[in-house]
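Encoded as structure tokens, here's the structure I'll be asking about.
All chains are identified by letter, namely A, B, C and D, in their written order; residue positions are counted from 1 within each chain.
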Amino acid sequence: MAKIERVGISLETALLEQYDKLIAKQGYENRSEAVRDLIRQSLASEKVKKPDTKAIGGIFIVYDHHATDVSHKLLEMQHHHFLQTISSTHVHLDHHNCLEVIILKGKVSELEHIGEHLTSLKGVKLGKVNIMATEVE
Amino acid sequence: MAKIERVGISLETALLEQYDKLIAKQGYENRSEAVRDLIRQSLASEKVKKPDTKAIGGIFIVYDHHATDVSHKLLEMQHHHFLQTISSTHVHLDHHNCLEVIILKGKVSELEHIGEHLTSLKGVKLGKVNIMATEVE
Amino acid sequence: MAKIERVGISLETALLEQYDKLIAKQGYENRSEAVRDLIRQSLASEKVKKPDTKAIGGIFIVYDHHATDVSHKLLEMQHHHFLQTISSTHVHLDHHNCLEVIILKGKVSELEHIGEHLTSLKGVKLGKVNIMATEVE
Amino acid sequence: MAKIERVGISLETALLEQYDKLIAKQGYENRSEAVRDLIRQSLASEKVKKPDTKAIGGIFIVYDHHATDVSHKLLEMQHHHFLQTISSTHVHLDHHNCLEVIILKGKVSELEHIGEHLTSLKGVKLGKVNIMATEVE
């Protein structure tokens, strides 16, 4: 089990009252939980700035299913970029549009690169890349 | 088939040269494709600002699988918030950590709300919400 | 003087060690200071989402000084939008380009609106709007 | 005078109609202007990713004027980081709070670094760094 430490933080009463209201609205059960999440986010967003950090990427692609072959290109790119595809989910949005959510492991720079390439494929209408640095050990 | 129109855009030669280099690097085959994507992104990011826009949300949650019951909470929230879960993908990151990627349909405000709530659950270490306004009709 | 409170936060030793390294790199003298800033940022980014929040906006505009009359348009817009301009700084970037940094007070929605309008003026090449919810009382 | 070129872009009529509405709302007089701005933003946000790009930074700092000496620290940092301060604007927000907007020239990495350090100074409550890659030549 992970070792736990208790630290003291001093802050203005007025600030604390506002913060307690915010985290109650967000659904937090207690302050420790909320502050821990702020600290984790702060570390994660620092890590993600470094191109070599190992991370998880979620690539969202909306495309016309008549016009492209995203899964084929994805396969091809894996061989070029040594990325590890974890999973791929296909959603039928409407008559024309598909959503593909591809979850990958790799370095931040690789994930950005493949995100750029998938987004620029012919037939892809919208793309978004979500990169998370998960290893906080 | 969608009606296509051709429009003329005038811009500085120097700017165009730089842009052609950028889109080649990104993997675009031609300029029309790249400019269309810029226009679509511009529309999509405008739509996503409005809380009532119907959108697709991808919620990424990293959590300790010993400590929480994300899928249970997700189910519960759907009944409260009238969201439609499309799919849910579970990934085993390491001995302690799981990644859950939940794809939902709903209004932007609903997706933000459920994202906040899932991120604040006990045991959830990191959360990110990716919202896309997909309907460009 | 503001009333100060001391709160206890429990978190994993490993997480704490990483965080202490990060904040030392960022230049913080102690942990309380750093966590207070995370809490303030969290409150500020929540406030800025609401269109009615009173905020400070910094609008950055790069424009060709031969081609436009930003200051004239700014004046005009103030009368239309009831914004309060606090200051305006003009910087000569190079032979062609000027930077104008305009600091305004107003509601978030007004600041976004004027930012959009200034950015879209003929001759303006690049624009960015930085909105901060400052009143934490 | 800059050489101008005219390029043709083909896109769906429905997409074009939506885009024309959006840019009218944003205040654009014509489509060329709007698309040029999208292209410039696209180039600028690509440039800003590279740590060595020369850029303009606007650093916003809200601080308690009783508790800190931002201008002194700024001076000190310039000597350490070889940045060039262009201007600094001081705004009295209320009885306790000041806003300092500092405009600097430097590499992206330097601007981020000084932004981090100013934001972490004792007495600084809120900080934001706005970096623009202006040279599109």
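Points to keep in mind about this one:
The criterion applied here is as follows: contacts are C-beta pairs under 8 Å (C-beta built on N, C-alpha and C of every residue); 3 or more make two chains touch, one makes a residue touch a chain.
Since the structure is predicted, the reported quantities are computational estimates derived from the model, not experimental observations.
Centres computed as Cα averages put chain A at a distance of 25 Å from chain D.
Chain C and chain D have centres, each the mean of its CA atoms, that are 10 Å apart.
The multi-chain contact residues of chain B, meaning those touching 2 or more other chains, are 40, 136. In terms of inter-chain touching, the protein chains here make up one closed cycle, each touching precisely two others. If you check each pair of chains against the touch rule, the ones that pass are A-B, A-C, B-D, C-D. Contacts from chain C toward chain D in the complex involve residues 23, 26-29, 33-34, 37, 40-41, 44, 56, 58, 60, 62, 86-87, 89, 91, 93-94, 97, 99, 101, 103, 116-117, 119-122, 124-128, 130, 132, 134-136.
Residues of chain C touching chain A in their complex: 2-16, 18-19, 22, 31-32, 35-36, 38-40, 42-43, 46, 136-137.
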